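Same chain, two partners: chain A is paired with chain B first, then with chain C.
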Partner chain A sequence: MPEQLLQFLATGVTVGSIYALVGLGFALIYNASDVVNFAQGEFVMLGAMTTVALLGAGLPLVLAAVVATLLTALVGLLLERFAIEPAAGASVVSTIIITIGAAIFLRGGVLLLWGKGFHALPPFTGDTPIRLGGATLLPQSLWVLGVTALLVALVHAFFNRTLLGKALLACSFNRNAAQLVGINVRVMLRLAYALSAALGALAGILVAPITFTSYEAGVMLGLKGFSAAIVGGIGNPMGAVAGGLLLGVLESLGAGLISSGYKDAIAFLFVLMVLFFEPTGLFGHKTAERV
Partner chain B sequence: MKSKVWKTILASTLLLAGVQPAGAADPIKLGSFLAVTGPASFLGDPELKTLQMLVEEINAKGGVKGRKIELVHYDTGGKAQDAVGFVKRLIRNDQVDILVGGTTSGDTLAVIPEVEKAGIPLVSLAGAIEIVEPVKEWVFKTAHTDRMAAAKIFEDLRKLGLTKVALIGGDGGFDKSGHEQLLKLAPDYGISIIADESYGNKDTDMTAQLTKIRASDAQAVINFGFGQAPAIVTKNMKQLGIDLPLYQSHGVASKTFIELAGEAAEGVRLPAAALVVAEQLPDTDPQKPVLLDYKKRFEAKYGPVSTFGGHAYDGLMIVVAAIERAGGPDKAKVRDEIEKTHGFIGTAGVFNMGPEDHMGLNLDAFKMVEIRGGAWKIVN
Partner chain C sequence: MRLAGFGAFAAGVTLLPVLFPDNYFVTVVGVSAGLHVILAVGLNLLIGYAGQISLGHAAFFGMGAYASAILTTRHAWPSLLAMAAGLLIAGSIAWLLARPILRLRGHYLAMATLGFGIIVHVVMVQATGWTGGPDGMAGIPPLNLLGWEVDGDRRWYGVVSAAALLTIWLSLNIVDSRVGRALRAVRGSEFAAQMMGIDAAGAKTQAFVVSALFAAFAGSLFAHQQAFVSPDSFSLMVSVDLVIMVVLGGMASTFGAAFGAIALTLLNEGLVVFEDYEMLIHGALLMIVMIFLPQGLFVGLSQVGRRLSAVFYCQTEKR
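Now for the complex of A and B:
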């Protein structure tokens, strides 16, 4: 039994780190504009699918990953410029709906371009499972965990240590005031979408060897990542990680100890409880209504 | 402008009144409703392509009994409600002679009442046994059933002397229907199901469920499903070091599964249609030339062949043969002739239909295959 429990935890951490990595991507755009970008999952998918396509075209993995990340960032930028920016001044809800439309558009585009098939990326450092006590973990999971930790630190430092990051935050706190002190809000928003897309693409490339990818892969990953982000407190990179890991471990314990049929119900019940008792998430800022 | 409108009205009135002579050159109208888009598109897409290819070829050769075939097709998107609407339209507005279609069991089962009421032959391409059991007067099918797949797996287990089995499957329709058949058939083969786990079809990790299976004393694992989930199950088993025989269903009998699961797929067994191992069949196998011929024609036009397109080939060719025997597309005569289909060699197997059997396939239609060296190999 303890051996089993250890495996459930290892599984939970593997799955949770995937959710965390995807959840992290929501923070940038949310911090810049209070908008939850529902196309974030599609950025994840786009990163992985583009890498698959570039690999197929004969590029080495590292180069394919870099190019795919840059291309996805460009897509993020174009999305902001041609879908979000024309709707400047629209309410947050309208903008969120635009992102849902963008998500459907991106899915359709990938479907037309690369078809309906599933694809896998090769694991970065082999497929030999690592034994930890009685549990086993794939090397790729360690990659996901490690890069998640690194990206969290980077995103955290970006918002707290750099002028650019602080300027981005200022845009969401008060757009007019930010403009008055000389921050170019438009450029900031483009930056937020591009960075967020790049972050999503990286996540997609990292998890694709474990989860596989297809034109629809972003739907589920986006949803779970979003859940992770709101559990932890959206906008807080640390929160996304904590939320993702919690969700992953709960799912796997639910599947292992209670019933595999109810594991999603257990996880979503937890999300609901968190939102009920801590509407801003476990690590969210307590914000007062701005007038 | 005005005269054009009048001409149109006149023309349509004439058409409605049936003024056009119903000569022998009139095309035979074949109605089809397939899930070309939506979640079942990987089934419906090759099916439609097959129908289009065959109709084109038949027409180029002069048609059936001197009459060309006209294919009228609607895409159901895998939605049963839409399928019913389209079938009504095919029967009433398009006035088709024969129906081929229903990519999914849901689509087919939904339209059966309409088809039975109208009295028009329907050849379904879907899997569920309920389509032809109990037998319905006008309904036939060409795809293997999930019960056959379950039986084939149990037959193989019995040969190996394994009796304790763990099941793991997804939450989709195909998975659940297969799961039901496995549970139903297990006692007949003296097999006890000692673990029964499930997952969501979009889940990314099944190690928790497999850890429970590892702790049981199962002698083999059966994973009935399709899409990427069975590939993840296969990889997770390898990761956990579970060294039991793994059986998959015919739902993963495609190259994609081997690509996704990679090395972990080695040794996986599954019941598959002969089409995936066509080249390996002995030359004495009557199916071999049919399979190779269909494969060559399809691949020359569209790319890699799939067993699902094969179901459409079987369906259309059975219908064409029946029309030829009936001497024309008379609905009742064609129905009787389809029912008399005997010794028809299709891609799914050899069809021997009868009043009590509107599918006509037996267990031989499935080959037990094993993945070895990244390719399918027929087991004994």
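Now for the complex of A and C:
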């Protein structure tokens, strides 16, 4: 039994890392523009599908991954420029629908380009399972964990150590004040979308060797990432990471110990319970409403 | 004005099958549009008037449908009784859920309702013993209205149109009642509403329960009309489509919601022609409408019309 638990834990942390990366993307965009981007999952899918296509065109894996990430970042930038920026000042519901429209559009585009098929990337470094205590771990899981840890550390350092990161953070606190001290808010917004799309693409490329990818693969991943961001308290990047890991582990334990069919229901039940008792997430700011 | 709009709408709905008898778009698409009108008008009370989003309303639609499906096929209940049971179940669940869920705001509320919708959908797929699982349930008997069996496209068109008109009429009355005014006050500012002695939580709960009842009512009709239900009809995308109908038509307008429901039904039906391009066009249209007419087609277009006529009026005045 303890061995089994260790196995569930290992699987959970791997899946949770992906949720954490997607959640981090949500938090980035929310911070910069107060928009919850329902196309975040499509960035994940786009990263994986583009890599698959480039690999098929004969590019080596590393190059394919880099190009796919850059292309997805470009899509993020275009989304901000042509869909979010013209709708400045729209209500929450309107922006939700715009990003849902973008998600359907991107899914439709990928469907048109590469069809309905399921694809997998080859694992980065072989597929000989590694034994760890009583649990077995795929080498790809180590890649997921390692790269996620690195990316989270980079994002953390970006916000706390670089001028650019601090400028981005300033936009999230008060856009007008940021503009007044000479920060180019428009450029910052585009940067946030590009960065968030790149993070999503990387998450998609990392997980594609373990779970298959298809034009619809982003839907559930996006929703789980949104859950991670909400559980962590939306707008708190490190909260989103913690939320993602927590969600992944609970989901894996639920699937293993209770029922794999109800896996998603268990994850969302957990999210509902968190919200019922902590209406602004586990690590969210308690804000008072201004009258 | 209100009555005139209702009368015009009712006349249009009645005339369509007379003018175009046995037209596919009237009898078949019309029934589906009518069901969407019921759903959107109900959801509009919550989103448009109370200002609370729900991304999980397909769950209540599904509860109504499955209650009718299960009770009429497995337990041989009369269809009206099964429908009432479905309304009772959906209404009770909405009532229990309303207070904790409507305490949340903005994106947290969106997440919670979305999660609720997914949980109910997973149950529909997994609880095979009850629901028939992913394959769904077939052989649902036709709706029996005190001895009058509703079968055939034209009878269904009549019943669904009557039901849609009934919900529009109910909604118009709710909006102009004490409850409707309380809801609008809550949407403006919850604090200010409470200051004036409005029970904000109570008002939001009422809107949530009423919109769930409308959805379950549509679900029950849907189950009998299709004679088949499966979880696909109550997925997240359906919940999203319902919100789109409300926003597309124009929030806080009963006719706007009805208009949005009919527009989206026709759009989805029309886009099928484009096959591979369907999703691409659907997504692009959503973005374009929301960017350029954030208040929705119905409200946005009527404002454009008013502005145009104002310009025209000014020019004739000058002359």
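Miscellaneous remarks
The criterion applied here is as follows: the second predicted complex is superposed on the first by the 284 of 291 C-alpha atoms of A that agree within 3 Å, B and C clash if a C-alpha of one lies under 4 Å from a C-alpha of the other, contacts with A are read in each partner's own complex, and residues count from 1 in each chain.
Keep this in mind: contacts are C-beta pairs under 8 Å (C-beta built on N, C-alpha and C of every residue); 3 or more make two chains touch, one makes a residue touch a chain.
Computed from a predicted model, the values in this text were never measured in an experiment.
Contacts of A:Val15 after superposition: chain B is touched, whereas chain C is not reached. Between chain B and chain C, more residues of chain A are touched by C. Within the superposed three-chain model, A:Ile234 lies in touch with chain C and out of touch with chain B [touch as defined at top].
Touch criterion not met for A:Ala153: it reaches neither chain B nor chain C.
Of the two partner chains, chain B and chain C are each touched by A:Asp264.
By the touch criterion stated above, A:Ala103 is placed in contact with chain C alone, chain B being left untouched. Using the contact criterion defined above for the overlaid structures, shared-chain residue A:Leu74 touches neither chain B nor chain C, since it reaches no partner. Across the two superposed structures, the residue set of chain A contacted by chain B and also by chain C is 219, 261, 264. Remark: chain A residues 30, 36, 83, 86-87, 90-94, 96-98, 100-109, 111-112, 219, 223, 226-227, 230, 234, 259, 261-262, 264-265, 268-269, 271-272, 275-276, 279-281, 289, 291 touch chain C in the complex.
Taken in their complex, chain B has these residues touching chain A: 41-42, 45, 171, 197-200, 202, 204-205, 207-209, 211-212, 215, 227-228, 231-232, 238-241, 256, 259-260, 262-264.
Across the complex, chain C meets chain A through its residues 47, 53, 100-101, 103-108, 110-112, 114-116, 118-119, 122-123, 125-126, 189-192, 236, 240, 243-244, 247, 251, 276-287, 290-292, 294.
Partner chain B is touched in their complex by these residues of chain A: 4, 7-8, 10-12, 14-15, 18, 116-120, 127, 129, 136, 138, 207, 210-212, 214, 219-221, 251-253, 255-256, 260-261, 263-264.
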